[in-house]
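Structures given as structure tokens follow.
One chain, subunit A, links the two complexes that follow: it is found with subunit B in the first and with subunit C in the second.
Right after this comes the complex of A and B.
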């Protein structure tokens, strides 16, 4: 799980072009949207594509997406639960 | 139609964003010129910056510098002109489509690949809900944006217009247009561009914004007194006649022009018309050129206007741009003569306020 979290942090920083943010700056339990990392709806679309492209996971239910993208740990758990880690 | 130039902001392959007026110019030994970047974080919030492509950063920053320079917070209109728009984002999006078989496409590059991204972003940044327009007319893009600005002011529909021209260079764009014979085959020292007598020129880029206003003010740079365009003239005589008519409409003659700024770009196929004008009309006038500093691109006439407004305000013609003799007296009237690939000809008259 730790290796997957570290990999996800790097992929998210790269995909969302989070300039000046290093993997160490992001806690796996920080909320990604709102108060935490401050991501927005466009970032959510980027994350959906990231999951599909890199892990072959399609998120079609918006309500499900809210839960999955809550933190980096929740994304890692979703990937693991679907056997894509 | 006329308007005062109150403020200017420019990002270019020279250090033009920091108040330098071509005292120390940068030479390039490549046929592709790219802008010298300021520290964008000083102008744009990091959260906005991370999603912006290079041209968007250049354009928004040039607009911000212009607004600060003009000490005007809210324009009555935002108008831009661009030949190719946001090229890198377009390329990024199209390449992603190809590489991913039209699947798994991300939104950012697509959203920002549209030509009106910069005028839209500037308006969002300022919360400006006034007139907003972008013109994409190849070598007339900036001129059309200027024309619209002048008309808004002349018809009393706006008093402060933020108008800009921008285009960005890219390796893909350069390679594609190289196949069409646009650029020199041999590497050229940019500062010796006019010594090259071969076909083609060097590609460039830039983002330049002006604050145009109808209000007289001691801080104004200059007066944009006239603008004219000519599409695909048949020969040099037609251009000469057009210049004569343009000067006449502005109650001037060739001898009233203190400096002629030529769009010479070192292309042996298309520079002749400038030399024709110099020989026939402006033999006694001081001259200048500018494309060795910024390269050639659709909206490079904005660089010429930036130069001319500064020259009028500072009463200086830097050594790096002089062509032939230096001006002998005060700079009261500057004529810009430019063409893009012998197709889009434009003429601007910049005068002392």
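Right after this comes the complex of A and C.
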């Protein structure tokens, strides 16, 4: 799980152009939206693309997305649970 | 009624000039991305969105940061009284091409939102809290007479008290950006085709 979390941090920084943010700056339990990393709705769409492109996972239910993209850890758990890690 | 050009910022060939004075000058071979990132780090106030913008928006944003530095236009004239009037020749083609290239694989949402040239007007308006009329036009080349007449009309008809007019063009590594602050009864050269052309040509 730790290796997947580390990989996700790097992928998210790259995919979302988070200039000036390093993997160490992101705690796996920080909220990605709102007060945490401050991501917006376009970033959410980029995360959906990231999961599909890198892990072959399609998120079709928007309600499900809110839970999956809550933190880096919740994304990692979703990938692991769906056997794509 | 007299309308003046109270400030002008010109960026081309990795050289930023504000009212004729050099602000930043870098080697001509420096890639645009590096040049504009350096200009942001040296001069712009922190803005998390900057690195997510496309190159056209970055160029317009940095030009506006220089033009409006230490000015409180919105507070002085009222947010609804500040208009933006921009033009260029390549529209958003630079990002359109980049976006098209992603469509073959996974379409990029963050590129898609920049596939319109007038997004730069929105970014500048959000940054400076402007709420006046804004318009974007595509011309073959810089047209001082059109921008001059349109800005004059906006002020005459009391649709605006300040109009930021300009030309923000970018395609790959070819770019130039020229923004002017025009105000009624301000201090500066009168808003005329000749004066606008002279400033655009960097004389």
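For this structure, a couple of remarks:
We take it that the second predicted complex is superposed on the first by the 85 of 85 C-alpha atoms of A that agree within 3 Å, B and C clash if a C-alpha of one lies under 4 Å from a C-alpha of the other, contacts with A are read in each partner's own complex, and residues count from 1 in each chain.
As a convention for this text, contacts are C-beta pairs under 8 Å (C-beta built on N, C-alpha and C of every residue); 3 or more make two chains touch, one makes a residue touch a chain.
Only a predicted model underlies this, so the values are computations on that prediction, with no experimental measurement involved.
Of the two partner chains, both subunit B and subunit C are touched by A:38.
Touch criterion met: A:49 reaches subunit B and subunit C at once.
In the superposed model, A:17 lies in contact with both subunit B and subunit C. In the overlay built on the shared chain, the residue A:67 is in contact with neither subunit B nor subunit C.
According to the touch criterion, the shared surface of subunit A, contacted by subunit B in one complex and subunit C in the other, consists of residues 16-20, 38, 42, 45-46, 49, 52-53. Remark: subunit B residues 46-47, 49-51, 100, 104-108, 111 touch subunit A in the complex.
Residues 48, 50-52, 105-110, 113 of subunit C are the ones touching subunit A in the complex. If you check the complex, the residues on subunit A that touch subunit B are 15-20, 38, 42, 45-46, 49, 52-53. For subunit A in complex with subunit C, the touching residues are 16-20, 38, 42-43, 45-46, 49, 52-53.
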